[in-house]
Amino acid sequence: MSESRDKIGFIGLGRMGRGMASSIRRKQHPLTVHDIAPGPVAALEELGAASAGSAAAVAQASDVVLTMLPGPKEVQSSILGTDGILANIKPGGLVMDMSTVDPETTDALAAACAERGIGFVDAPVGRLAWHADRGESLFMVGASDADFARVSPLLEAMGSTIHHCGGPGTGTRTKLVNNYLAIILCQLNAEALSLSAAFGLDLEKTLEVLHGTTATNGQLKVNWPNKVLAGDTEPGFAIDLAHKDLSLIVQAANAAKVTLPVAAITREAFSSARGRGWGQKDFSAMLDAQCELAGIKPPRLKG
Amino acid sequence: MSESRDKIGFIGLGRMGRGMASSIRRKQHPLTVHDIAPGPVAALEELGAASAGSAAAVAQASDVVLTMLPGPKEVQSSILGTDGILANIKPGGLVMDMSTVDPETTDALAAACAERGIGFVDAPVGRLAWHADRGESLFMVGASDADFARVSPLLEAMGSTIHHCGGPGTGTRTKLVNNYLAIILCQLNAEALSLSAAFGLDLEKTLEVLHGTTATNGQLKVNWPNKVLAGDTEPGFAIDLAHKDLSLIVQAANAAKVTLPVAAITREAFSSARGRGWGQKDFSAMLDAQCELAGIKPPRLKG
Amino acid sequence: MSESRDKIGFIGLGRMGRGMASSIRRKQHPLTVHDIAPGPVAALEELGAASAGSAAAVAQASDVVLTMLPGPKEVQSSILGTDGILANIKPGGLVMDMSTVDPETTDALAAACAERGIGFVDAPVGRLAWHADRGESLFMVGASDADFARVSPLLEAMGSTIHHCGGPGTGTRTKLVNNYLAIILCQLNAEALSLSAAFGLDLEKTLEVLHGTTATNGQLKVNWPNKVLAGDTEPGFAIDLAHKDLSLIVQAANAAKVTLPVAAITREAFSSARGRGWGQKDFSAMLDAQCELAGIKPPRLKG
Amino acid sequence: MSESRDKIGFIGLGRMGRGMASSIRRKQHPLTVHDIAPGPVAALEELGAASAGSAAAVAQASDVVLTMLPGPKEVQSSILGTDGILANIKPGGLVMDMSTVDPETTDALAAACAERGIGFVDAPVGRLAWHADRGESLFMVGASDADFARVSPLLEAMGSTIHHCGGPGTGTRTKLVNNYLAIILCQLNAEALSLSAAFGLDLEKTLEVLHGTTATNGQLKVNWPNKVLAGDTEPGFAIDLAHKDLSLIVQAANAAKVTLPVAAITREAFSSARGRGWGQKDFSAMLDAQCELAGIKPPRLKG
């Protein structure tokens, strides 16, 4: 395949990024990585990757540069900065950002790349860190058909479910819609199960009913039984992070003049939970934060 | 079985009740029915049921009396009224209410029956009228074990899914929790898909993504593709009825000092939809009501 | 004056009612009172009032009967019950209800009285118990002009501010609108001052600014400096009562298909405060309940 | 006075800024102005001000530089940019920003100035453009005592009410708290008066009642009778601008982990109004936007 000749750059070896870069290297793609933390860089070198001292150096060494960074600020400075990727990447190159950012940032990146004749793909990641470690992430991809074809081998190395959502910008937007639903389901389930507990209902029987009707939902069925309902509130996805995503969503919706009352009031519920010290718990622990408000004991599955 | 000897009374042959009573009669239970509308009564007589001119007369002729009535007021007067069921039913009798009412009403009925030594079962119904016609309803049942055993043949005649949720009162409460989730999912999906539409995303692709993550939910997956997303907003369950249920839920939660911000703000969204003329549409049409607020065209599935 | 010949009945000598009845007696109106508590009855007898053993007996002895009762249920049974006022009052009589009830109840009372040819006035009371003791209450009155003229001497005995809002039913409705604003101002001020405290602003300086702009409001300016901001959270008007009024308001608005998002979400804030044990505090103490959620110290005026 | 020797620079001659700069010039302060629009610059020159072609040139010509700009972005680039005020102002100089910005921006400005030994004052403006034209603005000032003394003659030239709220940053924060209350009062009054209209109450009588209780508020009493209630919805302060301020407030509160449910849900009400085309109306026109949702005619004062 022609794509296999692309030299790949990867910037951002955080908790998610290191697994994703490793997956690419395992498929034998030529890879140059960069991160300010030496540990993950060394781990990638052991897998045969080269390392570079800056985003600029990665860009100079690569045809396709992937970024997996904490947020809009880091993405903007890394890609658009005076010493950034776009100023150093070769003609015919492509930038794929996999960070979670707001649509405005993604659109600005896409426009800047287009102006320089550089390809741009937004491909935010779904699922959790342990999926990334195994190359089993989910990607929501915004790209032209040609750019999508070019990055497909990389996406398939990193993930097991790839959605091509449309042109540039649609990946970021689809991720916001998806996270809106997944996050707010936590508040929804928290309200329902706190009410159920206040009513004195049996948790197992209630869940049995709910899963057999249109009330069922992915969080309640898939995530919660292994997390808060099992007494595990260690963060798979922390309330602080969910709050950050909700803020991006509410901001984007307000910019689009779309009113999202449930999103807005749920953000406040998350804010209240953070003010009471729940920020570093799993987002399913909104159940416990909600029960705290009602002065009731949070329900748990038996044994 | 000893249960088969019970003479059954059935009060309330509305859109749901007529199918339910017919299902009982088809299983050859001796049945006396009552309704103010002559049509459904005649239809039941054709199936071999007797008819009676009042709730009192039904009670006098029956061992087990079932009620399927519009709301708390009708239930209370029919069961507790001076000329009602409880004043006329024989010792050893049992009352099973299948109407959707508030927990306070159910508890009052249970207490009044207990005081008289009469059995009481609350068994609100899930699913839609056409399920009732076929004997495929879902029941959430609050009853003692003995009473549950006694009414089981009747429930199995009327429904295909029977949940024994606990003692008297747990059926009504489980139904409120279930309807809370199912109804609010409609507002949730309305917000998500209106945002998606404002973002210009492709509906089919967005749904494909959502159904593969924990964002998925029963309304979006099972109900919506056949209703609002297919352009059908005829009421399977009307916004007016959903609003009524939300009001019961918010009222019950406030009485229990459980704060339900999402339920409360969703009730206002339904209230706003009603104020703008959407009350008699299917509750999935909250999508269209929401899009109206944002001045965007409601998304529809292709073809 | 012709009005002075009316024999007055007064039912309900609670914390407010006893002061109001005393004010009437002090103006020498012939008065018969009834309450189940013997203490207040005796106190009124000392002022020259007669007492009667039942609502029926009061009605039989009076031309104009006033009711000041806890809520809709008591009002309905007292006025409309088989042994109630309406069944016993003489032709040409008048009933004035001063309790806080929902519009539906008021309308039902007005209709029942009209049908019997009995006058009806709804005249809910503003201000606090100590105003009632001094005859300084505020009344919002719904009445025909003739009925208003007839009860004016009584209203003037009990209050210092009398608003004739329109025909029967307008008193109750005006009170709901008024209480909506006054109660929600407490949540509004709680949010503003908790934000101010989180910002580390000086309370006195902040209030000085707010009172000089259109941000000023009656609760913040008149009530709060003597209550929560002075550290006094003893109930002048308890959070539990404010929650009850908010429930009436939200219910009436939903019945009218008017969406009140701020009222709905504020009711949940009050519900949350109740769930955390604040129900018996003054409604200005919503400030402290709000600060508790944010983990900050509630602001207080110095010295 | 020693202060009078300061040479003043003024950047930003928009609708508010031109009146404020004119007021300074009228008090004979030596003044250099800058704006990209030639019209207001020429008007100031006629009053005896000098003009300069850039922020840098203003800074080089001045001891004290005032900025009155649209928002955080313009303020940051104008003050902190490589060719901005701070890079060009003389030692011993002072920067006073009067724009409405978020606390984070103000704090960054204050820190950057402090690092350079330059004084910093945040002094956002209250009231409307026509007050600015007459030198009757209100200022909420965050400054050290020395800096406050230095800018006092300028503030007194521009305004008639000056609040020294505390050290740097307190002006911006006080303004957010103040605007929170003023803006949300509009939603509050909109809900109350729409409910009143749905109840069929007389507007004048309702207002008479409300203004005599703790329900009264500055918006309803001072602003609304001359704006929406008189049928004038031309923007004194537009819904779009109020929405922008609400966004700053909700963002700042969320950053401080203070939950503001009423602010959040009101922002959505404003967002809904904008989606329905009300953005360029006065913020008191939230009444009309609210009545539109309920399908009722907005109330107006007679004559």
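Order of writing sets the chain letters: A, B, C and D. Residues in each chain are counted from 1.
By definition in this document, a contact is a pair of C-beta atoms (placed from the backbone, for glycine too) under 8 Å apart; a residue touches a chain by one contact, two chains touch by 3 or more.
Labels paired with UniProt names: A, B, C, D = 4-hydroxybutyrate dehydrogenase / sulfolactaldehyde 3-reductase.
None of the values given here were measured: they were computed from a predicted structure.
**Q** Could you check if the interface between copies chain C and chain D is built from the same residues on both sides, meaning over half shared, or from different ones?
**A** Counting shared over all numbers used gives more than one half: same.
**Q** Centre-to-centre on C-alpha atoms, which chain is most distant from chain D?
**A** Here the answer is chain B, farthest from chain D.
**Q** Between chain A and chain B, how many degrees of rotation does a Cα superposition need? Round to steps of 5.
**A** Angle of rotation between the two copies: 180 degrees.
**Q** Which of the two pairs, B-D or A-D, is linked by more C-beta contacts?
**A** A-D
**Q** Centroid of chain C to centroid of chain D, CA atoms only: how many Å?
**A** The mean C-alpha positions of chain C and chain D differ by 39 Å.
**Q** Whole-Å distance, chain B centre to chain D centre, using C-alpha means?
**A** About 53 Å, centre to centre.
**Q** So, what's the distance in Å between the C-alpha centres of chain D and chain A?
**A** About 38 Å, centre to centre.
**Q** If you look at chain A, which of its residues touch at least two other chains?
**A** Only 253, 257-261, 265, 268-269, 272, 275, 293-295 qualify.
**Q** Line, ring, star, complete or other: which one describes how these chains touch?
**A** Complete.
**Q** Enumerate the contact residues on chain D facing chain B in the complex.
**A** 261, 265, 272, 275-277, 293-295
**Q** Would you tell me which residues of chain A are touching chain B in their complex?
**A** For chain A paired with chain B, touching residues are 103, 126-127, 138, 140, 161, 163-166, 170, 173-174, 176-182, 184-185, 187-189, 191-196, 198-202, 205-206, 208-210, 212-219, 222-223, 249, 252-253, 256-263, 265-266, 268-269, 290, 293-296.
**Q** In the complex of these two chains, what residues of chain A are touching chain D?
**A** Spelled out, the residues of chain A in touch with chain D are 243, 247, 251, 253-254, 257-261, 264-265, 267-269, 271-272, 274-275, 279.
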